[in-house]
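Per-chain residue numbering starts at 1, and chain names A, B, C and D are given in the order in which the chains are listed.
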Amino acid sequence: MSHNIADVQVELKAKKIKPDSPWRSAFRRLFKNKMALAGMIVLTLMFLFSFIGPYFSSHLDAKISVRNANLPPNETHWLGTDKLGRDVLLRTMEAGRVSLLVGIVAASIIVLVGGTLGAIAGYYGRFVDSVIMRLADILYAIPTLPILVALGAILSDLKFPPDKRIYLVMFIVGMIAWMSLSRLVRSQVLSLKEQEFMLANEVLGLRDRRKIFRHLLPNTVPIIIVAATLGVANSILLESTLSFLGLGVVPPTPSWGQMISAANNMIDFQNRPWLWVPPGVCILLTVVSINFIGDGLRDAFDPKQKR
Amino acid sequence: MKQLLIRRLIQSIPTLIGASILVFLVFTLAPGDFVTQMSADANMTQERLDEIRALHGLDQPLYKQYLTWMGNLLTGNFGESVLHRQPVTSVINTFMWNSFLIAIIVLVLQWIIASIVGIMAALRQYSIYDSAVTLIVFMAMSFPSFFLGLLMLKFFAVDYQIFPLGGMRSTGSTLTGWADFWDVMKHLALPVIVLTLLNIGSLTRYFRTNMLEVIRQDYVRTARAKGLKERVVIFKHALRNALLPLITLFALEIPGLFSGAIITERIFNWPGIGRVVLDGIFQRDYPLLMGFTMLLVVLTIVANILADLMYGVADPRVRNR
Amino acid sequence: MSSTLVEFRNLKTYFYTEAGVVQAVNDVSFSIRAGETVCIVGESGCGKSITAMSLMRLIASPPGKIVGGEILFEGRDLLKIKESEMRMIRGNEIAMIFQEPMTSLNPVLTVGDQIMEPLIEHTLLSKSEARKKAIQLIEQVGIPRADQIIDSYPHELSGGMRQRIMIAISLSCDPKLLIADEPTTALDVTIQAQILDLLRQLKKDRNMSLMLITHDLGVVAEMADYVVVMYAGKVIEEGPVKEIFKNPRHPYTKGLLLAKPVIGQRKERLFTIPGQVPNPIGLGENCHYSDRCEHAMDICRASQPALQKDGADSKVACWLYEGEGAK
Amino acid sequence: MKKRSFSLFLCSLLTGALLLSACTQPAAQPTEQNQQQPNQSEQNQQEQTKAGEKKELGYIKATDPSKVPDSAKQRTDTMVLGITDPQGIFNYWFYNTVYDRYVIEAVTERLLSVAKDATVIPGLAEKWEISDDGLTYTFHIDKRAKFSDGKPVTAEDVAFAYHVLLDPKYDGRSNLSKAKIKGEDAYKNGNATSLEGVKVIDPQTIQVQVEEANATTLLLLGTEIFVLPKHYYGKDFAKGNLEYIKSLHQKPMGSGPYILKEFIPGQEVRLVANENYWKGAPKVKNLIFKSTTAETQIQSLKTGATDFDASISVNADNVEALKELGFVDLDMLLNNGYGYIAINHKLPKFQDKRVRQALMYGLNREEVVYAYSQGYAEVIDVPQSKLSWGYPDESKLTKYSYDPEKAKQLLDEAGWKLESDGYRYKDGQKFTIQFSASTPNEVNDALIPIAVENYKELGIEFIAEQLEFNAVIDKRNKGEHEMAFLAVGLSTDPDPYGLFHSKGGSNKDAYSNPKVDELLEAGLKEFDQAKRKAIYQEAYEIINDDIPVLFMYQRYNLNTISSRLSGFVISPYKYFSESLNEVQIN
């Protein structure tokens, strides 16, 4: 009746059961979520539209010609022309590059800075916690606009190349928008610290850094993901508001926000929809799809998620 | 609890000082001052500009300006707004409460709708209702504020004239009491709708995420095993735990009640503080800006202390720390 | 023999997941008599908890669903009655305690509050009466300083004390049946013994039946009047505890008993049953234990043995005893 | 996925997810945002007017007065004037924005006024004499003049005005020290208790002595002085104590046609007619200034919320929309000011006149101006309004119409050689221009793309940077700018001293041309208008040739008046608010 170990190992190998890493199963679950799928497709189209689209346009070297300004959509200009006679379709594509990159730059900073600082504040508590949280208080209260105005001037004194400036602006925007995420991560870490698995780590004598990044942060992944997707979405919207207030991208480089804000009087709004509909739809599709992907990621990533 | 309060109040003093220095630097770093505006005038001469700067102490070294400003602040004198040539406190007082009126209505609406919609979406996860709500919520979040504002203005005020074209009261209205109340309500309807739509998205998703987390916990299953009504299980057991992380979000809304919505106030011509501060930024009205920002800093600190206190009340595990 | 309190008849509970249909509980029938302790034994994943949850009708649907069979409680089929009627039974006539005391209590409500809830819900006691009853219950489950404990929070109590509170909660409305889903697995041995003594004592005082779910044969030996052995969603053997321990019939039951360490018998290696519990998805019509059973015959791999009477009060589902080749 | 750090992985996953392509059939494609197609009034859009063709100027009558909305008709005794949000400083001595000035001119009056064609006419003073040496000015106050509380306007009130404007603590916009009144220094910095040069002869006459006079002194002492009641504002007034005056900003009192009843910040200003106004009671009983925004100005007129608007920006869209209303008169006139591009003469590359002329020839200014205003602004070649008597004879000026070849030729002459990379270099330096553009600004939005293109053709790299308005002005005041677009307002007097004299107050471009300096100084000293006109003719010819700044445009200004109102007296030199007592509802 006795079976020795060897046979058991043989049998196990025979069945070649691959251990299923959390990422692969998360990926599989992500693919099953139909909304997230749609989001990914639309977002990929947006990327192709923005980064590859322009090469197909026949108006690449078109000069500014006030003659055919504000033409409605016609066969040469599928989406009509803007106030300076430039092809709206081409501009929308080029604008996509700026808006998408701006969104991702700001969001990754929010996630990196906010998540880390939140976890550290939550984990160490007392002194470290109050310093980080008070810094967050101050930054939270300072209105972003004056900082951006001051920043604009400083950059001009330093002779910073104008077209790169929007990314630095977005870096700064990221640096002053991480507070709400850090606060959420901190509160999550505070309650997580009470649970047994952290006590178990304590017992194992793991280094603090490992405990924070390997154990605490992964458990805050759902909140981080929600914040990351909101971060990308809000950054794209913030860029458009900045353009509305004139602090966004420097003409002639276009961004979706700038194209919409160009049509901010009632007349363009009513009589020339082709000026603001394309960028508006682009922002809408991009932001909605990013949010769906974020949501899908949240469901897929959640270790406790039973589907 | 009291001990936590005292510790936090003591901690807030260095924060206030740090904030005041940062606030002062941010504004003085911004190039030009309100006198620069005047230099565009044809009959202005450089001597005259320097005279005015001296009168306002702008020619003093930075640290001296800071000390005088802080000195006045501590005695409650926020200085005089250069743009409105009135004490900063009275300028803030006139405009802030208009912003507060809209913000408080939006806050109440936003939290009620977001909680109901968010919880329902969590309870019926992956149902049609859930994806419909998610879609609408994402759509609302994806509009730039001025875009949504103009769209609303176009449909409701210009094309169908259901709501007035902006402003806070009808022109030359001498109404009082309830009539005046309804007149103001009619005027603030559109800004409230726009702001609620804009803010509702992220909150609904936070409610949904937290609710999903909590519903799978063991104690919810225990509650059901006790034979409690489903309503009690969800709203007493599950919701209380789901609310914990959102308390911090609620506390963070408090400063927002007073800071005003710059873009919406501009589009709907609402006499709020947001618009006044925006003009203040572009016309370099330092006393007004610094005074108002310090007020917001104090509010934020109070809000955060409140958040931690409320968190302690709500979550016994953190309470006795 | 006292009357039958609960009778499971061909209960089928399936789970519809992405990977396929999991037949967690597949045609299970057995009964629990009033005042009797029935232990349901089996490896994890054999469907014993699902059976209990089906009795309480707490299967989350989607993805789970009770697809067939009946559960008669005092003659009433619990699967047919309306949800509101079922809710009146839960916590009142049938109560349940769970394995994980650390997370089974709501962290933000006081212990007293959670004990009083079923009282206020089912027995319409006033708040003050409910509080007095709660203090009594806390004392009955053997926790000192009951009047202070009632206002404390779950995180302030030890694992053992929390399980006692869970028991206090379940007993608050004098249920006829108490389901205990591996109540002591998460506790250390000394506490485990105290909890089991408490359960035995309470069962005797209140003439309550106890449905104890466990994978620990030691607990079965100590507590059970009657034992039901489950494997891969089916009942493969049941009988009085002495019969099962002295004269196990089904090869799987034998394997289980052999795997138990016996004091005094030194062995260099404990017996292990070869192979693994089969994947619950796509179970065939064969005897699910056939690929691990050393007595497996062709018939075993072809079709399923039915649960046959085998002796006075025992049953077994195995082709060995199907009259054909009774050794 | 060996690497295990979660946060890094999160970002790569996010971008990774974005680049995935093949996947199963997507269920719910996010719905296309369906835009409701507004009414297309495209027909007139097609026949684009050629750039630069003149648009109609002057008073365009309403085509169909009957279409005045009922809500406006119901206001039988009230008129609502739309202006941008005033700041509530209704005191000429301390106001900042022109919107406050509209309210000021409804409530208070000035010592001397200005006619439509900018000539000085009586105000509160019915007549005035200037001594032969031009140093003593005597003003005789109209006996009928009374404040709204019935008390007469006296010389004492005028003296009060002079003293406040020269007070050591005065920080308002008026710059009376330019008039150089005798004893100003002693009063301002010394311990004199009153201005030596200001004498009250009798309640109706006041005499002012100045140390040095020029052609603008009369304007400084007369048309720039608003007279406020000393008995109301002067309570416990002493040198250095203006606090009480400042507390009355929102409760002004003056001798004007209207009395301020109520100011609702951010909303409206309500005024009622001053029945015993000394020039006859105004015809409309109630006056309301309502705050309007750029987004809703035209709609307010359309829905009858306002009867008039002074700040609708002039472009083809707005004019077309206003004409569609039918019941609105459009008073189109040339704005008394011009737009220009400042050049920093400290930089060697701009010091050569030929380079500056090349920058003029090389920029297609017609296209920029047309793109910005759709024809509602005119390109200028000299920094003066066409309506001013000081405007030079155009035949003697060079017209810098767009001529890239001439510009290239000038650049070659100036030694900027064209290299292989398409850019011009001189002693090793590439010709680049850093242009500081203030935002948001419609002119810059049009100018930058065109300038980038035009100057690239010449071989000049034009780099635009976006800065907030004050940042641009501050940068220019410190002389750290290279090029920046600015607009400036002109006064009733044609003297351009401020911007083009080397010691001019607003000349921050280090431009200095001795001949121009000499002419401008002579122009100021001369009193006779004919002689001054000849001086300025010569000065402008030199400026036109020397191109101290790139002249851009003089735009149109638009006052939109509902046809139910009439009687406004408006010109580039006279705001609508100074003739409110003549307005009537027809």
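Just so we're on the same page, contacts are C-beta pairs under 8 Å (C-beta built on N, C-alpha and C of every residue); 3 or more make two chains touch, one makes a residue touch a chain.
Values in this document were obtained by computation on a predicted structure and should not be read as measured data.
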Farthest from chain A in C-alpha centre terms, which chain would that be? C
Averaging each chain's Cα atoms, the one nearest the global Cα mean turns out to be B
Cα-centroid distance, chain C relative to chain D, in whole angstrom: 87
Using mean CA coordinates as chain centres, what's the chain B-chain D distance in Å? 35
Separation of chain A from chain B, taking each centre as the mean of its C-alpha atoms, in whole Å: 23
Distance from chain D to chain A - Cα centre to Cα centre, in angstrom: 43
Where in chain D do residues touch at least two different other chains? 28, 30, 33, 38, 295-296, 299, 468, 471, 474-475
Going by residue number, chain A touches two or more other chains at 35, 149, 153, 194, 244-245, 261, 264, 266, 269-270, 280, 284, 288, 292, 306
Check: chain C positions touching at least 2 other chains come out as 155
If we use the touch criterion from the header, which chain pairs count as touching? A-B, A-C, A-D, B-C, B-D
Interface with chain A, chain B side, in the complex: residues 11-12, 14-15, 18-19, 22-23, 26-27, 29-31, 131, 134-135, 138-139, 141-147, 150-151, 153-154, 158, 202, 205-206, 209, 212-213, 216, 244-245, 247-249, 252, 255, 259, 262-263, 277-278, 281, 289, 293, 296-297, 299-301, 304, 311, 315, 317-318
Where on chain A does chain D make contact in their complex? 21, 23-24, 30-31, 34-35, 37-44, 47, 63-64, 66-72, 83-84, 86, 104, 108, 111-112, 115-116, 149, 152-153, 155-157, 159, 161-162, 165, 213-214, 217-218, 221, 224-225, 228, 244-247, 250-252, 261-262, 264-271, 273, 277, 280-281, 284-285, 288-289, 292-293, 297
The residues of chain D that touch chain A in their complex are 1, 4-7, 9-11, 13-15, 17-21, 23-24, 26-30, 32-33, 35, 37-42, 45, 48, 51, 294-296, 298-299, 317-318, 321, 367, 370-371, 434, 436-437, 439-441, 444-446, 448-450, 452-453, 463-468, 471, 474-475, 480
Quick one: in the complex, what on chain C touches chain A? 17-18, 63, 102, 155, 269, 271-272, 274-275, 294
Over in the complex, which chain B residues touch chain D? Could you list them? 30-33, 36-48, 52, 55-56, 83-86, 94-95, 98, 131, 135, 138-139, 150, 153-154, 157-158, 161, 164-169, 171-172, 266-267, 269-272, 275-276, 282-284
